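Following are the structures in question.
Here come two complexes built around subunit A, the first alongside subunit B, the second alongside subunit C.
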Partner chain A sequence: MAMQSMMQPGSSSPYVVSNRRAKMRQLQSRLLWAATWVALSLVVLVIGDILWLVVSKGMHGLSVTTFTTDTAGVAGGLQNAILGTLSLIGLSLLIAGPLGIFAGIYLALFARARVATAMRFANDVLAGVPSIVLGYCGYTMMVEKWGWGFSVLAGAITLSVLTLPYIVRMTEASLRQLPKAYMEGALALGLSPASALRTILFRPALPGILTGLLLAVSIGVGETAPLIYTAGWSNFNPAMHLLKSPIGYLTYVVWTYLNEPYAAAHQLAYTAAFLLILLVLLLHIGVRFLQRGTRTSE
Partner chain B sequence: MSDSALSVLDRQPVRSQQNRAEAAKEEIQEMPVLRNSRGMTAGDTREKAETLCAVSVRDLSAYYGSKQVLRGVSAHFSQNAITALIGPSGCGKTTFLRTLNKMSDTVPGFRATGQIEVLGQNVNRISDVEGFRRSVGMLFQRPNVFPMSIMDNLTLALKLFGVKRREREEIAKEKLREVGLWEDLKDRLSHAPSALSGGQQQRLCLARALTVEPQVLLLDEPASALDPKSTRLLEDLFVRLSSRMSLVLVTHNLAQAKRIAHQTAFLEAGELVEFADTETLFHFPVDERTQIYVQEQIG
Partner chain C sequence: MKISRLFGRVFYGTTGFAASSPLLLLLLIGGVLLYDAWPAWEYQGWSFFTGISWNMGNMYASGAVTHHGVQAAPGASFGILPFIVGTLGSSLIALVIAVPIAVLTAFGLVYKVPVRASAILSPVIELLAGIPSVVYGLWGLAVLAPFVQNGLGPLLAHLGRIIPYLAGPVGTGLGMLTSGLVLAVMITPVMIAATRDLLMQVPRLPVEGALALGLTSAESVRYVSLPYVRRGVFGAIILAWGRALGETMAVLMISGNANNYLPPNLYSPISTMASTIAALLDSALTDFTGMAVHALALIAFTLLLIAIITNLLARVLLQFGHSEASVEV
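Let's turn to the complex of A and B:
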């Protein structure tokens, strides 16, 4: 090819690679490319298949009544589950958001190296705890021992513990990625670290922090196991009681209703799955949007 | 600018400058006159040296963990003069500079022994670090404009210290004029400073440091990232500022030290090898190590 045509026949230059070796390299390169393409298309195919299944089966179950009526037995709408998911997520964001952001700020700016290392490790361990274990802990502690029963608060707190590590990590990372010179310049001007954070660092870190919150929400939205243990299930709309009042949520519908031997139940499960995927997709688009915002502002 | 703005910042009156210079003339015979190569004398250095030191350090040693970076440094820097710190990379000059305004303390594992006095205050005993740092400004190697508008960069500190809006904008304008940026920037004060050139950004940072009226200005290789023209502009500003504040300049550029510094200190391996007025240090160095460093860099 191009290389060969440039080579002079019989050239004794030590830099000219022999023909056979060049061909071997080309072959290797092509094989590797092929392998990466196969791997990539497998991933895309799997995602595509899931999306197709959920969209094709879930979408035509979607109607106004889905949003306006509660589940009744194995049929009905999803209003109670949608509202339940929103209240669980909202409440858990109220708990984990401030906690996680403050912890992240502490880790990024104030913690001593040794304390920070220990806290970061603990945070990573927490992120790795299986959600069903968190659910069971929540059950034995809040539902049973403290007598809260299946409740919004028990569910939301369990979701908070689950999503907290992501918020902490994103907050810390988005503060750490800011130039050190911001803080140094602020201190040299006579600002305290706290006022430097408030007036200089917080705003450029905000898109990253919000990204962490959105990620936390999209993780929390998709959880089933911890909620089954703590929030229970209810066929009725959230009762605006924090305690002793079980609540419905979309993932429960997906998990339970697919096991029922009725077509209507299956339809409801697929519709719930469709709504969940739609929600997560929107959240991820939101994350992308925020991230692009940070890049252009730099 | 109104007087109340000045009182908030506890600004040193500049007007006494001439009287002091007049009074100092009588002592000229006894005390050495500090001149830089442009023939500018250091304002107050001929007065009682002991009480008027901008920076006075006795037996200062500093460590990062177990590594010693400063070894028993003792020196007295004159007030209203430019003192240059020169020496090979890693000799501890930046650490020395950052110890003066307690910025080193933010580095984990840092520890210092010895006595440091800045403007007559014992730095080790300062409880109000933020208040102290207001009187000791700092300029860094790379211009560190904050991610906010030009005006906000200049007024941020004043706002936090409770200066009223109109006053702080007046101060900002005055400082922009002082660093020669007013004409260039007056129409885009609400813009982000990231579009400015490196030299302009550094002068903006200088203006920002000046808004709180520091009496000592620490300069950490402030021109090393700039082109020659911007460097000259900055140097001229430093010389002009030295009539009313004390500047400590860390530099790798020996020509720069010769051009603007009244006094120069040579550090090597954490040790203060030699400290004299600039002329003497460069042309009649006493220590062999100074000779080698100064000559190698020039020849």
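Let's turn to the complex of A and C:
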């Protein structure tokens, strides 16, 4: 960053004899940085346009009834979808959270280098598996073969497979960045690894672990493909049954209601998109907040 | 003492099991898909990848025909070449557009944008990476498709005299070009973030040395910074490519979902492999022989293999490049 002052275009020394070649090189330099600015403004323009579209069109539809009524036909509110998204996410965190955190602990503290490399690779591949593939597997196994039907549990388990790799990765990273002396000192004092973790390592690693969880939530909130064939869709609030009762979620509204030929349905789709972006924004602010916390404590 | 030792053992075992769960899940997914897909492979063989027609056969026939020992409806054929072409076409368009823009933007963010402005821009770009894919689909439908239909499409179609593939008709704006553009928007932030993180790791001395030797700032970027991060950037590109290949919802919303023909021009409706699984599973369930579902499983298995290969490739590039410049993507 501090290089900037030195890297102004055409900052060649005044003692260089000006000739055609030098002019050409300066021109090239200017051109590159001009292209950079064009690219940068294009990116900013697109971000702005996406946010503007969703905010300007989604704001209109937002009212108290959005949160208090269910979707009905092509209109209504989003209560069922909001509650559905929350219960899917909550349940998937209950599954992927402990599993991912334990996995991260093992990778950071116990695993031998080779084993850790293999496990990390499997984790990365799992993160890269297209979400529809997970949805398909969830469908054939849980919905069909095990006879769960479209259900909260099938949706939540599929989501937790999807979000698990991010939790593992962040937990491992946050434990690894702690000074080695923490662990070694604790072991030298006779603590077992488990109690060293609980009493010493856990606190400083906590912001990183929470970041992983928030990241997982923000990814899970935005997913659609793995849920279509596992959670199904329902116009009603989540019934408190884990199996055989389909459940609504926000992304489904964006996807399907946009194809309906009614203005009210389109409005609902934009409102749902607005809520999704708002949710993702809040989660990102949360992540920033946590990261700032770690930086000052170091 | 004994209890605490037992607890330690249990803790070690539990975390070990948890850590192997991603691998176990991958094996489980691979196994399930392979098991599900096998009949389709028996039925169709290599023509699965080269056939053009996706046809579940006569659903009203009185009985199934047996072919290579597996049952399917009469006249059924499952060829996914159009989906492969759609997947490759849209993702390559995305890469061609996104790579230069992302790399240039990252250069700008690291070397040109004032620190304060980049402190605002960086989180915004990261937010872009977190936007749900249906929202990108929404934007594609509302903004990009009309733009392609009325603006970009006709403009490019003028070039059709030189490059035949660009010739019209432009159609509704739902098709390969729009899908490629939306995919480009989706993978750009990920690549920007990765490239920016890599550039931050370039040691300062060589760059300053290059400037001191009289290189222009652009030359120092070209000959010092870029070689340093090149492999890492390639790795990030491949990971982004993998993401574009597997993207489902946004493509499903804007690709036009065409079956059974190869796209004759840049604007024609397509389907990708991932979007096909989402689009056709409902109808495939009506196949009384179950063969259509098996064929979808074969597509899913192919996608799984692609995910493994792209990750492997990216990892190799990221790890055996400059060991100092590595990045988590």
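Simple rule for what comes next: the second predicted complex is superposed on the first by the 269 of 298 C-alpha atoms of A that agree within 3 Å, B and C clash if a C-alpha of one lies under 4 Å from a C-alpha of the other, contacts with A are read in each partner's own complex, and residues count from 1 in each chain.
The definition used in the following text is that contacts are C-beta pairs under 8 Å (C-beta built on N, C-alpha and C of every residue); 3 or more make two chains touch, one makes a residue touch a chain.
Just so it is clear, the model here is predicted, and its values are computed rather than measured.
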Overlay on subunit A: subunit C relative to subunit B, clash or fit: fit
Touched partner set for A:V46, first subunit B, second subunit C, both or neither: second
Partner touching more residues of subunit A, whether subunit B or subunit C: C
Contacts of A:R203 with subunit B and subunit C, given as first, second, both or neither: first
Contacts of A:S192 with subunit B and subunit C, given as first, second, both or neither: both
Distance of closest approach, subunit C and subunit B, by C-alpha atoms in Å: 10
Contact residues common to both interfaces of subunit A (with subunit B and with subunit C): 192, 195
Contact footprint of subunit B on subunit A as seen in their complex: 112-113, 179, 181-182, 184-192, 195, 199-200, 203-204, 297
Residues of subunit C that touch subunit A when the two form their complex: 4-5, 7-8, 11-12, 14-23, 25-26, 28-29, 32-33, 36, 100-102, 104-105, 107-115, 118, 121, 123-128, 130-139, 141-143, 185, 188-189, 192, 204, 207-208, 211, 214, 216-222, 239, 242-243, 245-249, 252-253, 274-275, 277-278, 281, 293, 296-297, 300, 303-304, 307-308, 310-312, 315, 328
Interface residues, subunit A side, partner subunit C - complex: 1-4, 6-13, 16, 25-26, 28-33, 35-40, 42-44, 46-47, 49-50, 53-54, 98-107, 110-111, 118-119, 121-126, 128-137, 139-141, 161, 164-165, 168-169, 173, 192-195, 218-219, 221-225, 228-229, 251, 254-255, 258, 269-270, 273, 276-277, 280-281, 283-284, 288
Subunit A-facing residues of subunit B, complex: 101, 103, 106, 108, 130-134, 137-138, 140, 142, 144, 146-148, 156-157, 160-161, 205, 208-209, 212, 218
